[in-house]
Amino acid sequence: MSLDGSQVLAIAEMSAAARKRASKAYPGIKVTADVSDVITSAEIDAIAVVTPVWTHYELAKAALHNGKHVFVEKPFTANGAQGEELIALAQQKNLKIMVDHTFLFTGAVKKICQLLEEGTLGKLYYYDSTRVNLGLFQHDINVLWDLAPHDLSIMDHLIKASPEAVVATGQKHLNGHEDVAFMTLYFPEKVIAHINVNWLSPVKVRTTLIGGEKRMLVWNDLEADEKVKVYDKGVNITNREGVYELLVNYRSGDMWAPQLEQIEALRQELSYFVDCISSGQDPLNDGCAGLRVVKMLEAANESLNQRGSLVYL
Amino acid sequence: MSLDGSQVLAIAEMSAAARKRASKAYPGIKVTADVSDVITSAEIDAIAVVTPVWTHYELAKAALHNGKHVFVEKPFTANGAQGEELIALAQQKNLKIMVDHTFLFTGAVKKICQLLEEGTLGKLYYYDSTRVNLGLFQHDINVLWDLAPHDLSIMDHLIKASPEAVVATGQKHLNGHEDVAFMTLYFPEKVIAHINVNWLSPVKVRTTLIGGEKRMLVWNDLEADEKVKVYDKGVNITNREGVYELLVNYRSGDMWAPQLEQIEALRQELSYFVDCISSGQDPLNDGCAGLRVVKMLEAANESLNQRGSLVYL
Amino acid sequence: MSLDGSQVLAIAEMSAAARKRASKAYPGIKVTADVSDVITSAEIDAIAVVTPVWTHYELAKAALHNGKHVFVEKPFTANGAQGEELIALAQQKNLKIMVDHTFLFTGAVKKICQLLEEGTLGKLYYYDSTRVNLGLFQHDINVLWDLAPHDLSIMDHLIKASPEAVVATGQKHLNGHEDVAFMTLYFPEKVIAHINVNWLSPVKVRTTLIGGEKRMLVWNDLEADEKVKVYDKGVNITNREGVYELLVNYRSGDMWAPQLEQIEALRQELSYFVDCISSGQDPLNDGCAGLRVVKMLEAANESLNQRGSLVYL
Amino acid sequence: MSLDGSQVLAIAEMSAAARKRASKAYPGIKVTADVSDVITSAEIDAIAVVTPVWTHYELAKAALHNGKHVFVEKPFTANGAQGEELIALAQQKNLKIMVDHTFLFTGAVKKICQLLEEGTLGKLYYYDSTRVNLGLFQHDINVLWDLAPHDLSIMDHLIKASPEAVVATGQKHLNGHEDVAFMTLYFPEKVIAHINVNWLSPVKVRTTLIGGEKRMLVWNDLEADEKVKVYDKGVNITNREGVYELLVNYRSGDMWAPQLEQIEALRQELSYFVDCISSGQDPLNDGCAGLRVVKMLEAANESLNQRGSLVYL
């Protein structure tokens, strides 16, 4: 991927087959098996860490120590302590960390964010995401760490409040990691969020329901067009007098699918990374955003291990 | 509704408007405001209790005391103690209780039951139901008590094991009852079930994913045809040696939508009730089945009140 | 069906089984095997002719001769001459004819009509309907006469112009009548309409695309909600200079599903019939509307018999 | 695209911008503005003609004259005479022509072909394709020549018979070419085919219904999975005695979505081209197949120009 203001100089990759493919596809780029070739290179300003989660901390730390800005695959780190240490190190070295929360750069999330900020949905009631498919199984993390970071980073961006507590349930059927899991997050002001992730679903689903006091929306990321549908529907409490009285009124109106910005989210995210490095601006998906997600995942794992206790954040 | 071997003789109804409509629609049937007219009538053998949950116990108890068989709307009773008392009373009086678990009589649930019993799905991994729509709000119960009995009675019928523990989370936004709720049930042998119920969804969803070792299925009850789709998909663990090795293989094959029995479930259920009374057979959806569902709901409420603790059954 | 201002007094029906069902369902209504009992009854003001097409003319004529207003199932008559004679007779007797073009009374068609009249779609380009399913086979008419009257009556209402010419193609596979057929209608001002009807389709489809200069819409009558979707899409010709130049620009914007009036169309149509009789107003779906549809069907049959020649109207 | 047994040596392209992109993307390949550089190159054995239809004949002829095998974009030529001349020339020179009927190499068409050949569908009744979307407008051909070649080449492959006659209707709204068109093809033995193509549709549709005596199928090419659904549905004529008797019985059974071969069709087609050149085998999508499609298009244009007359082939 070529971006204005930057150039890919080198790729470090442990798999010989993948190195061969990379050399063939990008003849002008250095491909090495030794990550330190990249991390210590004087020519390189920034490094993208796209490796298993348990390696993020060591690689990012080495990169920061060598004065490189780092772009890190989600989830940011394997635990909160690692994330905090990296943030402190980056700050001390005056370097940028960006965590790959790609969805924040999609047309759908940008539109949903706008609808919330403009008050189109009214006060938020709930955020409910289903993200299921058959595999891809990870061997070092469970399905929550694999799939939920997408939703957690989107929520973190949209809800603009920290969850108070987390409950997670799930089950391990195959390889010692939960392959089916459910997570509830209690946010302030009665906002509730729920995530359903599953590596054992026969069908792929990427659907999020967002309910507000004024309007509600459905975001189906698998639709080619009309990914976001806004419903002019809601409920009004009109009468609380007697148990036999009608307590609620339903409002129902038009449905509306706003046109979304057609963008390649990853390209835009990386371009933003280059901009943040140039301008000194802190990215919205910086290490702190990455750390907030990791802390939610840590709390979820703690809850999962107790089969669903309430874990405060 | 006319059924062979039975006749509707009387309707007791508190609402004057509803009594008027009933009298007009069924000129030959007695319509009364006084429920004791029906409960004490010497001509009547069986009574259907289709009233708010909190009234089930008193009405069914009176009916049983007066020697009537009872058909009770789901959920059976407002708590387990009431259910146990009714079961004991019916047994003592040699009367039948049937709880209206209508879904057990649908073509979809019958087919799913058959697929599980024949081993088509293999060992069960999970049962995951989403049952959301805009209202209808109930004023005496929360969304779990309103919508989850459908799923709990189906699970009770299909899984043929009792859940060991329950976790429920949710939130009250409008009228003091949870309008959004999520429930996880831990069954023996790593079977996990999950229910997502919501009175505040802009779209109606009635979708259940069922995953087994050999095959998986999707039941979409809102499809006109092809409600149940069986996927010849699954996962095999083939290699556990190194962390960089592929641990799982995916199997993928045909999809198949079996033709379902075209039946009017409620009519068939009531016909079965008449048969059970005649033959003395205990219905599969008897008081005990109703009680099992009520106990799951009680445990869910206890968990909900603690924002999601693990409650053992 | 009970309507204000009218009362059903008698039903004439040739099938003994159907008479039995009718007597049971409507105990207060006279049920007879002899249609003349109804047609000559002094008590009766209006008659609904819901019989095979080839009987419409005789029955409606007898009813008009006896001073009854008539409501006739679509298509109005088996040929244009019959329709003209009935219209003349009704006029002479000062009686009303209404043809059962039920779709004109649905929320969807009302909304589409409004969108066209208000100019939301801009100048009309095309109307393209697909109306296919498995049966129900008719034994006296082909699939065009069975299914296309719906579309033709809607077009007649929406387009507000008469087609200039018709082309129809099709094939008879089973019982001597076309079971698959396609019909093109050329309207003035480059408006083209197309109808695809099929008794041999494995799936039911009821989808109409309507394209205009400014906007386009899709009407899917099988959707529970959001039957009509309006797309802010179109094409602008911006440059016609050279063959290698881009000639057209696409516009793309939001999609919008207007809330539709929730009405029972047949009830509203019959209520309108009663109103027209009382007020003396000519219904929009009067004999002339019925005749226009019959003439399109006659032209289509003529074209079909020549395997698709152009037949002028 | 790299294929075993072949190598891309040169690209001729009139657009300077496209030449620049090609040079950047494929540094090792010669890029030229002069097509004769390619056509006369001694190093080149085969040429792919991917240009507007009206240029196919001249370019392919020059290539054949220079001893090159040719792969030609569909439709093969602008008229039948050109196609016949190219076929004769290739035969004389012992060179291969392949026309880019890519769909024949997709998993969906292969599976449908197998279902027909094995008799799963029974005797074919109809083939009905809808292929509509917003643009891309062509400036040298109408929508039939742009979109229908896909369907015509698939039909040609599946039906294994030549159409007897063609009827086409349509309308020109924007740039002097039909942008909406409908085509019926009469095949022997009561097989009827129909194609609906439209450059002015707000939604993209790629759906084909295929009805047979025993079973019917729906091919929706826009589905990610389950593109082909086979319905165990049909009609039996059981009784032809009286007009009031039931003439037809419907059969209804399971639906089944066979797993399709996951292949990159274009890559497989080109690989097959290389194989045919090596082995001397005539490709199934040879010049004769291309010519058959062109003749259907010519007939369709003739019919279109008369607003839908029957044109014999």
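The first chain written gets the first letter, and so on, giving A, B, C and D; residue counts start at 1 in each chain.
In this section, a residue touches a chain if its C-beta (ideal position, glycine included) is under 8 Å from a C-beta of that chain, and two chains touch if they have at least 3 such contacts.
Bear in mind that the values here come from a model prediction, so they are computed numbers and not experimental data.
Overlaying the C-alpha trace of chain C on that of chain D calls for a turn of 180°, given as a multiple of 5. The most distant chain from chain D is B, comparing centres defined as mean Cα coordinates.
The pairing of chain B with chain D is characterised as same-residue: of all residue numbers used at this interface, over half are used by both copies. Separating the centre of chain C from that of chain D, both taken as means of CA atoms, is a distance of 36 Å.
The centroid of the Cα atoms in chain B and the matching centroid in chain C are 43 Å apart.
Averaging Cα coordinates per chain places chain B and chain D 52 Å apart.
In chain B, the residues touching two or more other chains are 203, 225, 252.
Against chain D, in their complex, chain B makes its touches with residues 225-226, 232, 252-259.
Across the interface of their complex, chain D is touched by residues 125-126, 128, 130, 132, 134-135, 137, 139-140, 165, 167, 169-175, 180, 182, 184, 186, 190-192, 194, 196, 198-203, 209, 211, 215-218, 229, 231, 233, 235, 237, 240, 243, 245, 247-248, 250, 252, 306-310 of chain C.
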